[in-house]
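Sharing a structure below in structure tokens format, with a few things to ask.
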């Protein structure tokens, strides 16, 4: 990855801050002939949009995506068909309230990138976090909506599996419930909704915050994607997920738990299935062996740290080198991890789409 | 990352299989004027070399590195000075016992990349795992030995913090002990040696295996390296570590544990120190905020799965689509994670060296 | 270069077709702290804008650039200061007359990319040439306006040196005249204006077209930029210039003429100047030796083929595999090469800016 | 291109100087299943090897290539089959006469990269030109030998079309003659041999040198390779050719001459052939329209400057900032361009192979 671009053949470049005129992405290398609608892209954006429950910030942006290039319109006047040239998408920033950033402009908020920005660049756009704003992730989600269509038959879904110290019960996993309108958390465990809501209400009232763990599962990924060494599929998935704001850990399949089991337990045994095709009897590997997809579901998890903006004052310093106590006012999320679910899906979809094209390029196989 | 190259300005390309004539790396983009000796490179290689205790495989390779290009010799006839052109390093494969691979050549070993190689490439070099051989990591270690010298004052060290279900006691952490000749495990906790040895003896006798967790700490990393979005320092560290064989998870700073604490706990507070410079009062972030280094130690951990080669037969299939039971004969490591310590150090050093040059390129600052 | 991005540290991605909503570029990797105004960018765009004389097409686009991200406004409310994050610039397409493309949509125009697009992508946007439209070059010019500011003291200028079979007289070279309002051709030779005008009037009335040769000179380029082998400064300049539509040849310094002189003539001799600094006594090399800049002016030339859209019918085929005669109606340029001058400047500026940052990254020198 | 690597999917990294232990290349991204022999690689190396006539330097290196990785041996014990992993090739430097470089080590030879190296890196390996040595091109030729096999049916050939002021007569073009043992110049015009020999004998005796122009023709290139904007096939060919030492100009098809003809003349008309397939009636475009291959032969030419090492003293300076007169002693080529023919072929083959894989990756078509 380099700068603000990721991917090798399916390449995504994002740009924009939360307080400029707009933000967007350029998706380059998309195969020609892929059919999509603006509504499909918008649907993914709406899934990550803040302001949908009391547990996510109240900034109400329509986040309306415009598709500016890279397609021809089909005769229905609605379906776009990619031409193989760059697809540029743009989202205008509507909610640019000119609030008073006076203090924050000169203070380094703990847990934020304020101090590191200043050290790196010698200046920073303090309004809304600059490039580190969560709004940047809208561009990724838009790109991911296209990536989902690159690999025929692939379905990428995500779910929240932990909020702070509360975990779901995996025995109740129900993918259908994840997108249920009653579900405020992208959780796959219906009974966890009340538990999470109760827990987060307490966190929210205390002006505090907690982190979360999200699991992404990609089904329908052909076997053979990736490479043995530095273009491992899991490596690019890890890099893509780690590039999301506030992510501090990534794991594939059993992940860290794999280190605690034996080789016998960890071996995903195989047999020839009734249809004569190979079947795996387990999936500790998370669908990737030696950096290459096995054909099983690809499973990745990532940990999001607690929101850094909290009401309790924290010790810090300002740009003049003075000690200050920093307290974040205004809207904040008790758990930014909730909204990370569609973002994680998008990043995994992009990584797999890229490897699908790379594999086809090198080997001539789909 | 692409194919067999990683890094953007400090670029490493590795090549070679365990059963060919040799393996090696090309380090491209190294700054001119860096002084090093062959002995320094060799020292790092010797640290990862197998055959040093009963807990690592008995393949006895001298792993003697040759430096073929990219330097001029200083007057002492020993010190090499980089010229800024590619440094090519080569390690010959001595131990190429032509053992009988008959069965293994046609069977897919569970947990190995055998099946995925065949699906991807349509053929594979079954001898010793091809590119997935642990020997490939020697090339990374050689490259890392140069990377260590790119960032003035940087020290990168690693330690084993868990073996299977056994963890070290962090209160006894002693960096000096890690390189102690009595220390068979790169553990920083002297009392853990007996515990690990006893535990692994049992694993080894059972023909079984376990995984491990390794922690890498880079000190002396200047603040300002990295970028806010897709060239995050933590992201490239994660990608580099995930590219090591058998790694299934990576975390930075508190990592997955960060998701379970509150924003108050997670905030690394700051104060102006006695010398007038900023100091952090904690390092939950692992030295990286918003993708950019803070100047604190950079801390990363990675999980290695249990060795896939075990004595207990596992169900699998062969290339002809028949069910078989696979049992690995011959030498094997009860815990491949032990040797991963110098490899992890090398990969972290390479990531930071690359970002040091990229930061200097974009901003003109060191 | 890859897809629609060029550059390594100073990276430019362009997107958009002439008949979509807009086109634009994302400039990534720009150093922080560079001061520029929208008017400066606009000035460069106005220089390449068609519709300024009878020798360039009459499409009258305002080509008004919007800068969407990557800057903070200085207190004057006008000066933008780069933050080091991506600078996204957008130009709306105003003149999208829905003319009848019926015939052209199904015919392959000789000399155009129609046939190759269809073979490559299986479909194409026939309106205005898709990505191959000359309008795409506006995005490059905008990016180049920023690139010019990256290297302190660098001045990049271009001039038309041939139109069809007519050449300038180099003894009359006058840089000041190039931007003279009376100068319709970016020619440095005042007396050539009447000659070119007369010649092109004939070409235009015949519905014909001719090509041109453009020379770009970059002064103030520090010695030391580039690399000896595959990151040669001249190589990246050549690639950048060859990426401009209709360019069929590129040369550096004496170029093809160098092949016809002797080693004695070609050697740029050196002496120590009065100020104790090295001076070159000639510049056959065009400011680049062994891929690395010498500190002399960097000189590149490129040849633009005649406009493919002409009034005389040409034999071709259509998408149904039938023979047809194609004749281009409507507006066309008798010599597209005229407008290529600011585009060539932009591409050379981008190549040098990129190498300036790369050199600084690897060596720590400016 | 970056550093010492070129190509995007078919990637070549070269390393090594003329006076180190060895030089070589790593070819990464080669499709699996390609069959080749060491003898085939060696054959290409032998074609560029110096010391074959009185017109090329007398350094007699066997240039014996070793293939170290990336293949399995077929049952014949000779045929190598690529596995899809990096193919590392190495050529030892045998002729490292420790001659006295005393003077040259401190003088900047005009036309050479001596001065620019020192400015860039602050030090240089003065023995034999370091990376700028013509020996580096052996690595490219070895890589090109593999590239030739990536595109089924492709044939890449080159020929010398000018030496100094002497041009071939194109009406006598005979590809078979190019490889004739009597042909000292890779010329396609049998009658030019005597002319070139006579001319170069004079140049050689005068201790002087001249340049040359080489033409490369690739037949059997499928239509559709390349891209409309920054991944143009001609652009990557130009970059690859410009990366060869001493090359000062590159052109595609009619090249610079295209600028002097009319649109009518330049249009490559098309018709449907007897077999119902499109045929072009001319090839002014050199097989590439809008950056994408047409299916016609791809034609590129490049100009090589006169050898910089000549016997006549030239004015220069030394590292201490003193005026000196430099005269090159010892072996030298009167025309380095002769040997550039197989090198040019290799670079064109690599560019096309890369685009073949990229096209297949993006579009799924061959």
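Each chain carries a letter (A, B, C and D) given by its place in the written order, and its residues are counted from 1.
Going forward, contacts are C-beta pairs under 8 Å (C-beta built on N, C-alpha and C of every residue); 3 or more make two chains touch, one makes a residue touch a chain.
By chain, UniProt protein names: A, B, C, D = Chorismate synthase.
What you see is a predicted model, and the numbers here were worked out from it, not measured in a lab.
Visitor: Name whichever of A-C and B-C has more C-beta pairs touching across its two chains.
Guide: Higher contact count goes to A-C.
Visitor: Work out the mean Cα position per chain and let me know which chain is farthest from subunit C (Chorismate synthase).
Guide: B
Visitor: Test of understanding: which option in A-B, B-D or A-D shares over half of the contact pairs of C-D, residue numbers taken as the match?
Guide: A-B
Visitor: Would you mind pulling out the distance in Å between where the CA atoms of subunit A (Chorismate synthase) average out and where those of subunit B (Chorismate synthase) do?
Guide: Computed from C-alpha means, the inter-chain centre distance equals 27 Å.
Visitor: Whole-Å distance, subunit A (Chorismate synthase) centre to subunit C (Chorismate synthase) centre, using C-alpha means?
Guide: 38
Visitor: In whole angstrom, how far does the Cα centroid of subunit B (Chorismate synthase) sit from the Cα centroid of subunit C (Chorismate synthase)?
Guide: Once rounded, the distance between the two centres reads 45 Å.
Visitor: Identify all positions of subunit D (Chorismate synthase) at which a residue touches two or more other chains, and write them in rising order.
Guide: 2-5, 8, 14, 29, 32, 84-85, 120-122, 130-131, 228-229, 363 - these are the residues of subunit D (Chorismate synthase) that touch more than one other chain.
Visitor: Touching subunit D (Chorismate synthase) in the complex: which residues of subunit C (Chorismate synthase)?
Guide: 1-6, 8, 14, 108, 110-113, 115-117, 119-122, 130-132, 136, 162, 164-165, 203, 208-213, 223-232, 234-236, 238-239, 242-243, 245, 248-256, 258-272, 276, 278, 281, 284-286, 288-295, 303-310, 312, 314-317, 321-323, 337, 359, 363, 365
Visitor: So in the complex, which bits of subunit B (Chorismate synthase) are touching subunit D (Chorismate synthase)?
Guide: For subunit B (Chorismate synthase) paired with subunit D (Chorismate synthase), touching residues are 2-5, 11, 13-17, 20-24, 26, 28-29, 32-33, 66, 68-70, 72, 81, 83-88, 90, 120-125, 130-131.
Visitor: Help me check something: in the complex, which residues belonging to subunit A (Chorismate synthase) touch subunit D (Chorismate synthase)?
Guide: 8-9, 29, 31-32, 84-85, 228-229, 357-358, 360-364, 366
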